[in-house]
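Read from first to last, the chains carry the letters A, B, C, D, E and F; within each, the first residue is number 1.
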Amino acid sequence: MDGRGNLDLRVVKIERGFMPNAEGSCLISMGNTKVICSATVEERVPMWLKGRGEGWVTAEYAMLPRSGKDRKPRDTGKPDGRSVEIQRLVGRSLRAVVDLKALGERMITLDCDVLQADGGTRCASITGCYVALAEALQTLRLKKPALTDSVAAVSVGILGGVELLDLCYEEDSRAMVDMDIVATGAGKYVEVRGTAEGRPYDRKQMDRLLDTANVGLETLFRKQREALGEILAP
Amino acid sequence: MDGRGNLDLRVVKIERGFMPNAEGSCLISMGNTKVICSATVEERVPMWLKGRGEGWVTAEYAMLPRSGKDRKPRDTGKPDGRSVEIQRLVGRSLRAVVDLKALGERMITLDCDVLQADGGTRCASITGCYVALAEALQTLRLKKPALTDSVAAVSVGILGGVELLDLCYEEDSRAMVDMDIVATGAGKYVEVRGTAEGRPYDRKQMDRLLDTANVGLETLFRKQREALGEILAP
Amino acid sequence: MDGRGNLDLRVVKIERGFMPNAEGSCLISMGNTKVICSATVEERVPMWLKGRGEGWVTAEYAMLPRSGKDRKPRDTGKPDGRSVEIQRLVGRSLRAVVDLKALGERMITLDCDVLQADGGTRCASITGCYVALAEALQTLRLKKPALTDSVAAVSVGILGGVELLDLCYEEDSRAMVDMDIVATGAGKYVEVRGTAEGRPYDRKQMDRLLDTANVGLETLFRKQREALGEILAP
Amino acid sequence: MDGRGNLDLRVVKIERGFMPNAEGSCLISMGNTKVICSATVEERVPMWLKGRGEGWVTAEYAMLPRSGKDRKPRDTGKPDGRSVEIQRLVGRSLRAVVDLKALGERMITLDCDVLQADGGTRCASITGCYVALAEALQTLRLKKPALTDSVAAVSVGILGGVELLDLCYEEDSRAMVDMDIVATGAGKYVEVRGTAEGRPYDRKQMDRLLDTANVGLETLFRKQREALGEILAP
Amino acid sequence: MDGRGNLDLRVVKIERGFMPNAEGSCLISMGNTKVICSATVEERVPMWLKGRGEGWVTAEYAMLPRSGKDRKPRDTGKPDGRSVEIQRLVGRSLRAVVDLKALGERMITLDCDVLQADGGTRCASITGCYVALAEALQTLRLKKPALTDSVAAVSVGILGGVELLDLCYEEDSRAMVDMDIVATGAGKYVEVRGTAEGRPYDRKQMDRLLDTANVGLETLFRKQREALGEILAP
Amino acid sequence: MDGRGNLDLRVVKIERGFMPNAEGSCLISMGNTKVICSATVEERVPMWLKGRGEGWVTAEYAMLPRSGKDRKPRDTGKPDGRSVEIQRLVGRSLRAVVDLKALGERMITLDCDVLQADGGTRCASITGCYVALAEALQTLRLKKPALTDSVAAVSVGILGGVELLDLCYEEDSRAMVDMDIVATGAGKYVEVRGTAEGRPYDRKQMDRLLDTANVGLETLFRKQREALGEILAP
């Protein structure tokens, strides 16, 4: 739709240190989708975790009012259903690669603030938060590393009967099937969520979607490594 | 864990007409999980749908305070994140088998109220709501049938390295992977959501989980047909 | 209006143990009015009671969205005025027959969830909660019994100049006077609330309403005893 | 307790026109209880009444933070349960003496703001609102008078086994039984609410309480007439 | 506009002890603007001040629904933006003349409740709260006086090119510039807030406005001294 | 404190077009303070303005959670008092230079989202919003220009007895007096708000503060012109 091949990611950029007050942060762009990811370390844990010697990783997600084509009013009261769903997914995805015991009694809050929204903001949030988290964890100089793997996410979908990688908003809104895949650098799934917006899909289509996602994930892991540079080196 | 084989569903019962004021309703039990599903038909559509000649199907989900082992305070303000996530899933799942044009400018609200919670309440809600919806649609005597297929849902998981069908709460809380599968009677997927709570899973495991789900879905579709009886017959 | 005599209660049924997770519970039906009553025992008291060696009994009341002819949206934010008024009445009525010192530093929450509403839900809630409460108290095996009396409630009204017992919704909405009487098994009043919806009433009418209520209360106390069976026996 | 006989009202004063911006208003004092009552007339009715040619009368009730011995935080969110219960009672009581058809499609809001609270604020609110309402209705110069009767309220109670009239806060908090009686000038009851705070009461006691109330109501109706003066004269 | 000269205050009255339950209080009138000011002393400080040996002074502001020409709905949820702005200003202004160390670990809450609003309610609140505060502080019999100066406030504005003192509502709504000046008895500024509602103003105009304010402030400080009488005398 | 002279602004940068979806936008930096300003044009006006042929300009202000040294929780419910105060100031300041009749029945919403907070965010918001607004107005190609002047804002203060220009957070929190000046390019004041945080200030000090502000404002107007370039040229 935008000149890419079906198996091409949009242009990916990860700019580390975008929020200098945060312990870790980056601005991640996937085409016209841009998300500020920041990681805050606090020396406390939620009430229900106190005294267990373990830490916690959680996430919050919001869109700037003018991140989209139309202005979206700010949340009043609790965040809307969609935001809650996304921030739960982001938190769960990052916890999957953190050894909470190694983290110790600390809480890391990952803030995802969408500057520009053109599809795939939840996947960009996960991919970017990994970079912010790794940067923040390095500042702690833990004896035992708390990161057990890397994690990234990409969307795939079926549009006009064809599998597509990394859907932009226009593609996403017209796709019959929309699947988000969160996977680790070691090739395992943290989350697979395939949703038929219109027509249900069969098992063969599902297999092809998972293959398509793998192509994109490989690039995303490379971009993360490049952004983190010396942080990943032992 | 409760004497069942790994591929056994818990005892399923669907009692139609449980809420006599509603246009359609049932009480669905899957073992100790019990959900009241009711369908309300209103001759109006949400603002954003007005004048398009189409209808809408939406869902709400809540738990009675004493549905679980401990008392859960009632929602104040907006429903919590988990409830929002579930009711969006239920609505989407049922819309996947409804021809909204055939429904006409009407809104159907599916209320899922959990009487007893022992794991799998979202799957039971979907399976039960199909029965309530079918009953409600019949009262409309539409010229063109609005139901295009049936829909049911089941959970599968990996516990102790083994695939399990229809997890109860105890099993669910100990499972490494938890997957909800929403599928149609025609064998297509509406939603597949596989979440690694602890250890990520690989592709082979994913395939085995999908096979396991099929075993349970078959039984659920049969139970729905039995409950609906004459309603399904032409 | 529904074939009953003016001094006839609707058909009363009390099904104990309806919510097996609760310490005490029942489903009470008075004709087409059905309320789930459950009692939760917690080993804590509200802040303001701490350290006094006394317990507390409180109530919450809500209607399932499709308990009535039309769908009633769920409460968002605080419960509406009517629900608050009812739950305060239910709590006060049950506390009137509980020795809070004998209860000790415990809190009992009575949840009234209306499955079907056809008039008299607050009276049914009180009558049913007594059964749930007695069942819950028995599980505590207190040295000194905490129940000092039984309690039940019934509505009476004036419709077409005639006194009626146990008004259904249709009768209630047309009655000129509506009175709820909460009384103990020993024949004393806990609460009398007579409200003129249209035309005020004089003292003679009030006397006749109280006589009418007594007829119904006698039956309700008998139904409670039958439901509790061995629990009441020493 | 404060030197009065058991059948003596506290000193009653009604100062009309206390809120000059309102269509009708007064400051009513019953001993140390002081309530500002104001009536606002608006040329609109609530949505659900539109087009029926009838009006509506409603009430709101709040306490100034320092009306009592301790500072009471202001309501945030909806008014608390007690305030809701009171404002519903005040609205219902005043509607009992208004011919809503004669009022026409108008809404009258009665605001009760408690300056000083020493027991009996809901009764003082009703008695004072009648004066504010009568003043406001006169400004409308309706062809057919909208007031069908007068209305006032008084509390009675049982303390130390003796019936008392018009309880102050200290008496009220120690009374075993507390009863509010709302009655019309023609001697009919609009509302009788007798609540046992501690020990339930029998029918004889109830009869004596109603007799006691009549003594106080007579004085209140006279005070209202004196305050309204020329307004009541034809 | 109302017969006053441009440099005349409206009629000022300060009636001390208006809320007898409060530690200090007054009713202040400036023409048709009337505000109840009360001061509550509590032997506690906000969380963030604990253990520092200092006190705190804060304010709340609200309007009775019928204080103005039209009925203003009561705040639901948080107070509106304007009320928040005013109560922050009142708190800050009074803290400017209190030695918080001399106050000790106590909190004083100043409640400003507007009975009648005809312009200048925030200035009247500040001027009146000083009287309530001084009365409340006297009851504490502190060794070292906590009041370091007096404080009062007045509005000035430009209407039709002319400087006006103490604007009533009608004048305020037509003024091009509106300025509130909060000053101490010793002639220093606590707050100067000049806002151009329509046409911006230049520096000469600003100087003339400050001169005009001084005329009014002098009278207000005298009225405060008269109201406090013996309290100010050593 | 940070090496600047007392009359030096921090480094000012205005990067236009930062939010490409918005009709006008910029990222404004004043030293370490960075605010995203965006202007949204909508072809509607608030209810109360309908049919008058005039437009409206309003503002919203929020901080990203990690804009400061510590993480600030997101607003739930209404924005906090400080945010409300700021967004009202921003809206008023920009309306002072817009001819609302020339704008026509349109609404412009200015969103100020703080990326980094180091003092002076409200002044930066006003200065940046002027640029976003001018850019947005140009897209409308109005016959009669809606901008009547430019507007910018700067803070000044007294710290250690000396007047300072453009306070950073550290300076601001230690200043005895803090003044925000909003002025137009033509040299008139829109708003002057001088607040004594600790010690009140006299008239001479006020005069010196206004002189100091003028120095900074001149630079800000030049930066705005540079950023807008061809937009300002006829």
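Just so we're on the same page, contacts are C-beta pairs under 8 Å (C-beta built on N, C-alpha and C of every residue); 3 or more make two chains touch, one makes a residue touch a chain.
On a predicted model such as this, the values are computed, not experimentally measured, just so you know.
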{"item": "Touching chain B and also chain E, the following chains", "value": "none"}
{"item": "Chain of greatest Cα-centre distance to chain D", "value": "A"}
{"item": "Length of the line joining the C-alpha centres of chain C and chain E, rounded to whole Å", "value": "52"}
{"item": "Separation of chain D from chain E, taking each centre as the mean of its C-alpha atoms, in whole Å", "value": "34"}
{"item": "Shared-contact residues (touching 2 or more other chains) in chain B", "value": "77-78"}
{"item": "Chain contact topology (line, ring, star, complete or other)", "value": "ring"}
{"item": "Chain F residues touching chain A - in the complex, by the definition given at the top", "value": "19-22, 25, 32, 36, 38, 40, 42, 60, 62, 64-69, 71, 74-79, 109, 111, 113, 115-116"}
{"item": "Chain C residues within the chain D interface of the complex", "value": "77-78, 81, 84-85, 87-88, 92, 96, 149, 183-184, 186-196, 199-203, 206, 210"}
